[in-house]
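Letters A, B, C, D, E, F, G and H mark the chains in the order given here, with residues in each chain numbered from 1 onward.
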Amino acid sequence: MKQVLTGNEAAAIAAKLARVKVISAYPITPQTAIVEKLAEFVANGELDAEFMKVESEHSAMSACIGAAAVGARAFTATSSQGLMLMSEMLYIAAGLRLPIVMANANRALSAPLNIWCDQQDSMAVRDSGWVQLYCEDNQEILDSILQAYRVAEELMLPVMVCFDGYILSHTAEPVDVPEQEEVDDFLPPYRPRHPLDPAMPVTMGPVGVPEYYQEIRYMLHEAVRAARDKIVEVDREYGKRFGRRYGLVECYRSDDAEIILLTLGSLSGTAKDLIDRSRKRGERVGLVRVRAYRPFPREVLVKALEHAKVVAVLEKDISLGWAGALFADVSCALANVEGAPLLMNFICGLGGRDVSPLQIREALRAAARAAEVGEVKRPVRWLGLREKLVGLGI
Amino acid sequence: MVEGDILKIIAGAVITEPGNTAQTETGSWRNFRPVIDEAKCTGCGMCWMFCPEPAISKGKPARVDYRYCKGCGICANECPFKAITMVPEGRD
Amino acid sequence: MIEVRFHGRGGQGAVTAARLLVEAAFLEGKYGQAFPFFGAERRGAPIVAFARIDDKPIRTRTQVYEPSHVVVLDPTLLEVTNVAAGLKAGGIVVVNAKEAPTGLPAGRLAVVDATGIALETLGAPITNTAILGALARATKLVSLDSLVRAVGNYFGDKLAEKNIAAVRVAYERTKLL
Amino acid sequence: MTAAPPGIPEEELLAPGHRACAGCGCVLAMRYLLKALGRNIVVSMATGCMEVVTTPYPETSWRVPWIHSAFENAAATAAGIAAGLKALGKKGVKSVAIAGDGGTADIGLQALSGAVERGDNVLFCCYDNEAYQNTGIQRSGATPFGAWTTTTPIGRVKRGEDRPKKDVPAIIAAHGAPYVATASVAYPLDFINKLRRAAAIEGPTYVHVHAPCVPGWRIETSKTIEVARLAVLTGAWVLYEIERGQLRVTFKPPKRRPVADYLKLQGRFRHLTEEEIAQIQRMVDEQCRRFGIE
Amino acid sequence: MKQVLTGNEAAAIAAKLARVKVISAYPITPQTAIVEKLAEFVANGELDAEFMKVESEHSAMSACIGAAAVGARAFTATSSQGLMLMSEMLYIAAGLRLPIVMANANRALSAPLNIWCDQQDSMAVRDSGWVQLYCEDNQEILDSILQAYRVAEELMLPVMVCFDGYILSHTAEPVDVPEQEEVDDFLPPYRPRHPLDPAMPVTMGPVGVPEYYQEIRYMLHEAVRAARDKIVEVDREYGKRFGRRYGLVECYRSDDAEIILLTLGSLSGTAKDLIDRSRKRGERVGLVRVRAYRPFPREVLVKALEHAKVVAVLEKDISLGWAGALFADVSCALANVEGAPLLMNFICGLGGRDVSPLQIREALRAAARAAEVGEVKRPVRWLGLREKLVGLGI
Amino acid sequence: MTAAPPGIPEEELLAPGHRACAGCGCVLAMRYLLKALGRNIVVSMATGCMEVVTTPYPETSWRVPWIHSAFENAAATAAGIAAGLKALGKKGVKSVAIAGDGGTADIGLQALSGAVERGDNVLFCCYDNEAYQNTGIQRSGATPFGAWTTTTPIGRVKRGEDRPKKDVPAIIAAHGAPYVATASVAYPLDFINKLRRAAAIEGPTYVHVHAPCVPGWRIETSKTIEVARLAVLTGAWVLYEIERGQLRVTFKPPKRRPVADYLKLQGRFRHLTEEEIAQIQRMVDEQCRRFGIE
Amino acid sequence: MVEGDILKIIAGAVITEPGNTAQTETGSWRNFRPVIDEAKCTGCGMCWMFCPEPAISKGKPARVDYRYCKGCGICANECPFKAITMVPEGRD
Amino acid sequence: MIEVRFHGRGGQGAVTAARLLVEAAFLEGKYGQAFPFFGAERRGAPIVAFARIDDKPIRTRTQVYEPSHVVVLDPTLLEVTNVAAGLKAGGIVVVNAKEAPTGLPAGRLAVVDATGIALETLGAPITNTAILGALARATKLVSLDSLVRAVGNYFGDKLAEKNIAAVRVAYERTKLL
């Protein structure tokens, strides 16, 4: 049934449809409404789950780890400072191979404190062994969370479903909510392989001595890599059942494009509108949106980008003093690729700065110039800075 | 801070003008306005003591600074002498 | 695509108003988007919210810079905000006020005493549903019927009835200037 | 009391123009705190309502040196400040940490506990509005039994907060802190005196002030002080201090009023049944008995 | 005076020579000895500082923030889980522009728990706005910490001095310890610009609303970028005074090399020995060691690598499911560079796995093959895995 | 006692071959704990000596389900386990958290406090060897006054730990936990009985067991039990339980021996002067007075 | 685990053989060996109760499992009947 | 480059022994590196430590796979560890034992009763300094004099004297087999 839902509501409903058993989360803007909604479901008896009001995000993730380890389907949600505070536990959840699903409403990092959208938070934990999916709209949030449990439980990996704070979390729009029975068919109950169970005692989280540690990490690495195929497989099945598919990356009018915008998350929508307008003017521009950012979909991307002259990577994060994370990863994917397109990086939308069509157009124009001269002078640029800014303030 | 149309930011976003929220007149938030009946006011200071902004100065009579008063009505509620009335703001 | 900006104060329900507008449009088979612009402000402080309505799915995610219409939930905002900023040519400003405010260009104004109506129908000065009645009347963005259904769906039984009354009364009493 | 006590300093070190809700009890606590402690302090504040409403860049309401670093670490930051001041030989400047109940009882408890255990020279003040108000009224450890919040909603199978209020002052007292006190924004002089006593002690001291929140408690903006006062007059909130282990109740309500008088002004308790109210009355009675209040 | 010192001792002595005022740290292997040594200095009255025995790393960094904010020179040290637990505060320290210096003894991340060396920990916080220096030996640890305070205080940026756990932290070797007076001349007392001081009240760490946040971040980004020149400048002065210089990157027999090993930290030493041996056999191989990893020294690196045929990046970290962090960054630096060398990534030495000369030779051989065929098939490979490893374990 | 009490179960759920130091008191505590609680438990253990010595991959000493996730979160992980067990309808399985004194009093306090405040069904056992032993003897909040550790060295201007031992049982009792107890490895039956009482309660319970560490306390490997017993016999460590607020001392030393008898066996106290020992004696006397021990 | 020469690791490094440290005989750490005087031993079980490994089994006489006994000497110290003597291990 | 592997038990001071060897070499103008190989083991468990000595700065950071010499601080280790693993041709095994242990290739063995000497000189069975005396004697890696100076620098006054005695006595009593 279609309903008008905010991104947060879509996430909460997805968790409910997934019949999560343990919810353990801590309030933080702009994610809080997810947890509030789930509290309501539980209070009303609509969802039969343990709702844990933990005292911090570190404990939120720790409790999910405990719950998943005994074999309960666990869910949490957070943002920004919350994600940072639990970052130690993210690596551990992945290392323990526990299929936790987390919604992250993307928000800027302190200091200064800022509750608005950018993607610095989830980017900061991109090495952790979590699968990361970035959503473009509220429908995708709901669908991705349901898919996430399948991927997570089949590969024994945690999955983070990321979506832009406020821009999606607080925006209401029509979302198709599947029926519970259909979801139940798609997503069977979690059957853990080696749960903590007195009937069959196991030890989890031992000391990984140097004789074994690297192999254990390698297995985790390969499992995350295997998620590429698994995401595609699950997505295909989901598509058959529910009529919606997303894939690892989405290619939008990019087949014959000379200039390709590479994006993550909600700004892709605005960019697509702009692409349409540019196409109308005969400009050969297109867009590729990375949905599965970890594992990084190298092969698909190389294919999607290989015919472009310039790829302009727009992203809402920055490895301070250097470049955007997506930009580095795309560069890495295209390393050794002969005739690879020129690469440009546009940092934008930090801390809630609106990414206006004007800014995207500026990126397109810069890319067009680069295509013309066949060279990129300043690979990393910032979009939407207030113009007259003085000094380093030092 | 913006000076002229130039954005001047100190490293770390340090603010060096203590108390400069005073430049923002939150009186505009007000829906009800406290009006002091000077005759009734004894200058007891209770309204001053309990104003969260603060937007009342001590004295006989006490005086409301409408630039900041948000119209919460605490002063009226707490005035031991019922010297303050809240009247609707801005309409009509 | 129609874009509407709602001006209100924190706690007054501007965000809900935007959402109800989108829900009503949705009931008419349209697509929509409702979203707030939140600051660090608390209740009482001026805030804005937005709604977008279109016949096809809405992909754009930027702020609304040039609204098609503007809705003002609280007359006191007229003094502290330029509510008409960026308003598109032909756009209508729907204002909660007893009488037509001055300073706003005439011919593009709809006025309703939403506060009075809210006090009448709800018994509380919560103006967000009443003003939607006025918006529907002034802009024809959504039908009164869809709006009534959207409000009905959103609120619990008792509240729904009262808010529907607010919508209807406001729809009737809106003055187009 | 029919006149403001003369003991309350005139100087306003918290500027107006802050963005707190009309009628906010917590910002009043900040105002009193600054009056009590004066200019020779450095404030470390946790994320929360008071931090957010007082420092929207490029503005600040603070006329004393102030820092916010994160939500859970007001005490640790303040401990670093105290150590820094000591190392630099800056005498006479007090390090003051301020946090809400969430930043104190829950996510910030460990940093506070550590500072107290180490004997750091920090005055910690918790303003207790009984929920995570900044994020929109979620339950904290300090949310009282029975209260509605957005994470303890009233539904078919659950009816509001089902745990008693976490007793942070008792927990800090159990650490052996040299001074622990409770206070209320309805009793400013008592609060101010306690802060001054706490500040005068070299070592970790703790003052916990009860301060209503308008939207969080679902009260009328004008009732903030009335509600806070009723908490004390009903015995729902007890004003006391523990100095070097010695407990002293600093205000005994002359004749305790029924707790319902306190609850009924607040929307967060609207759903309570007679029976639930009676249960809360029993909890309050038990608490008062412990403090020797009739 | 030359002394035989472990890396940890060198770090502690450096902090003492820097006359740090506040030390706030929490024990964690393999860093603990730094703090123990400093405790000894303080207990003996050799160092006049406040020694804070905080209850966690989150508080360790928080206390450093408080101390630095009032104008005291602050020092801390950590590793691994400790770094993760304080990661939220790292972003905040940088955002507040506080010149804290931290020693990080590089250690693997849990799960499984492993106390041995790799560089996953500091890599995980590479976006945070901290300057990161990686040391090759104990002398460099001492020198880098002294240099770090200059860079930190002149740019108002925190600096992390990273060195390999056990491999340096617990290895004793000769270190030249400068005289206190010489250090005092090089490193004057810290003079903060806007300390927390009742005489001139300032507000630090406000809410960075969307109207300003992006500009504030941009300034931080530019400050970190400016650290490239500052590091070089300070290093040059240090060299004049003490006779030792390091630069941003170290080039070892790489000028005419066809194959260049790109490394970080202590494995560079082993690799250099190997390079010498290969050179003797007439192989044109060289090494480039990245010392300043943040800010990433793009220009110097591009120059250092431009004539190579293949660059083999050896690193002790992995963005799980993808590639090493250094590899991505080097790819990014070389993006758009015409005739850029082929790039290969070798993940090695995780969790204390010894990086033997054999492994490095394997990397060199693979690079040589790539140079021959002019193409890289599998860009990311693992070195030193125990051979017969089965499945993903799922 | 001249015979092992018959109440001690025979079953060994902790396997030999663990890597603890010879004479480790803490691993003995683990052995007793498993005897007390049996097979129907799930253990969540904090990083620390006991975790490290019992689980060198691919080996484990645990014959019950066991997980280690991090240092500071044994209680939170256990709370998740309890929630998971409940959600899955697995009755009769108890969630047990174990941590050292560092993982309890310092870095793990908040997670513990949160679990107690929420009323989670977790039995938390702290084995207290009075320092961070796993990382090589650094002071923790639970390190006693006067003790040498590597971060409280004996130097010209500082002489060992200068703060009293953090009183975690009192802090948890102040949370209103339904059961809090102290124990000692020298009194295994007392310890086992307390664990069983704690496990039987649905809700958060806490048992704190004093357990010597050979290198950390600088004792002879053979003296572990002797030293632990002397702590009790001198009153330096008091065995008690608090059940629903009621304090009961479970063992009163017949005639208290001077604390020096306890201190002198331990290298960590070797540097103490007569005067310092007298000061410690006064602290112990004061503590015993509080507990009504002669 | 290593089976044959193949490394088999379960995802997450889960260990499915409870108590398998028993395969590691820590008795090799021992410098002193507890020797029980069977005549003196009453079978009281104190040594069993206090052995940290555990490496003593209950009985009359008690029996030490030298595969695991690390030679700490607690048993000897705690035996109420002085039935256990610690003798130097391995040398001579 | 000379590489020496020390076998000991946790807590016996093998790491210190390696370090003292390097300090002694350093006093002779050489370069050195001393490092442990730590496991999760506690005191009592077998551990190893390493020293490297060379005339030029040592850059290599790998483990020692093929030691030039091996030192065994505790005779009981001979039964549980293959102490000669990887030993280079011509390398010497220096063992703390009363009599020559069996099973080790003869001609490459130096034996000293370090425990006895330690008990004699230090009053405690701490063998790490005594065994260094034997190592110096057997391998000539460092002179007795440098060793004595290194030990003197490392220990506090009282301890230094006793340990120097241990070194000297062991140097004397070492039997080369």
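Assume contacts are C-beta pairs under 8 Å (C-beta built on N, C-alpha and C of every residue); 3 or more make two chains touch, one makes a residue touch a chain.
Everything numeric here is computed off the predicted structure, so don't read it as measured data.
Give me the chains shared as neighbours by chain D and chain F.
Looking at chain F and chain D together, the chains touching each of them are A, E.
Which two chains does the highest number of contacting C-beta pairs join?
By contact count, the leading interface is A-E.
Please work out the Cα centroid separation of chain A and chain G, and write it as a whole number of Å.
Centre separation, chain A to chain G: 52 Å.
At what distance in angstrom does the C-alpha mean of chain H lie from that of chain C?
That pair's centroid distance is 85 Å.
Taking each chain's centre as the mean of its CA atoms, how far is chain A from chain C in angstrom?
Whole-Å distance between the two chain centres: 34.
Suppose each chain is reduced to the average of its Cα coordinates; what separation in Å results between chain F and chain H?
One centre to the other, that is 39 Å.
Scan chain E for residues touching two or more other chains and write them down.
53, 55-56, 58, 81, 85, 88, 92, 95-97, 110-113, 156, 193, 201-209, 212, 215-216, 219, 223, 354, 386, 389, 392-394
Please output the residue numbers of chain G that touch at least 2 other chains, ranges allowed.
7, 9-13, 15, 18, 26, 29-30, 70
Going by the touch rule set out above, which residues of chain F reach two or more other chains?
In chain F, the residues touching two or more other chains are 19-22, 24, 51-52, 55-60, 62-64, 68-70, 72, 106-107, 109-110, 113-114, 117-118, 141, 214.
Over in the complex, which chain E residues touch chain G? Could you list them?
111-112, 386, 388-390, 392-394
Show me the residue ranges of chain A that touch chain G in the complex, using the header's touch definition.
Result: residues 95-98, 156, 193-194, 200-206, 208, 212, 215-216, 219, 223 of chain A touch chain G.
Show which residues of chain F lie in contact with chain D when the two form their complex.
For chain F paired with chain D, touching residues are 105-107, 109-110, 113-114, 117-119, 141, 163-164, 166-167, 170-171, 173-176.
Where on chain A is chain C touching in the complex?
Contacts found on chain A: 2, 4, 115, 137, 164, 166-168, 170-174, 266-267, 269-270, 272-273, 354-357.
Under the touch definition given earlier, write down the residues of chain D that touch chain E in their complex.
39-42, 44, 51-52, 55-60, 62-70, 72-73, 75-88, 90, 93, 95, 110-111, 113-114, 117-118, 120
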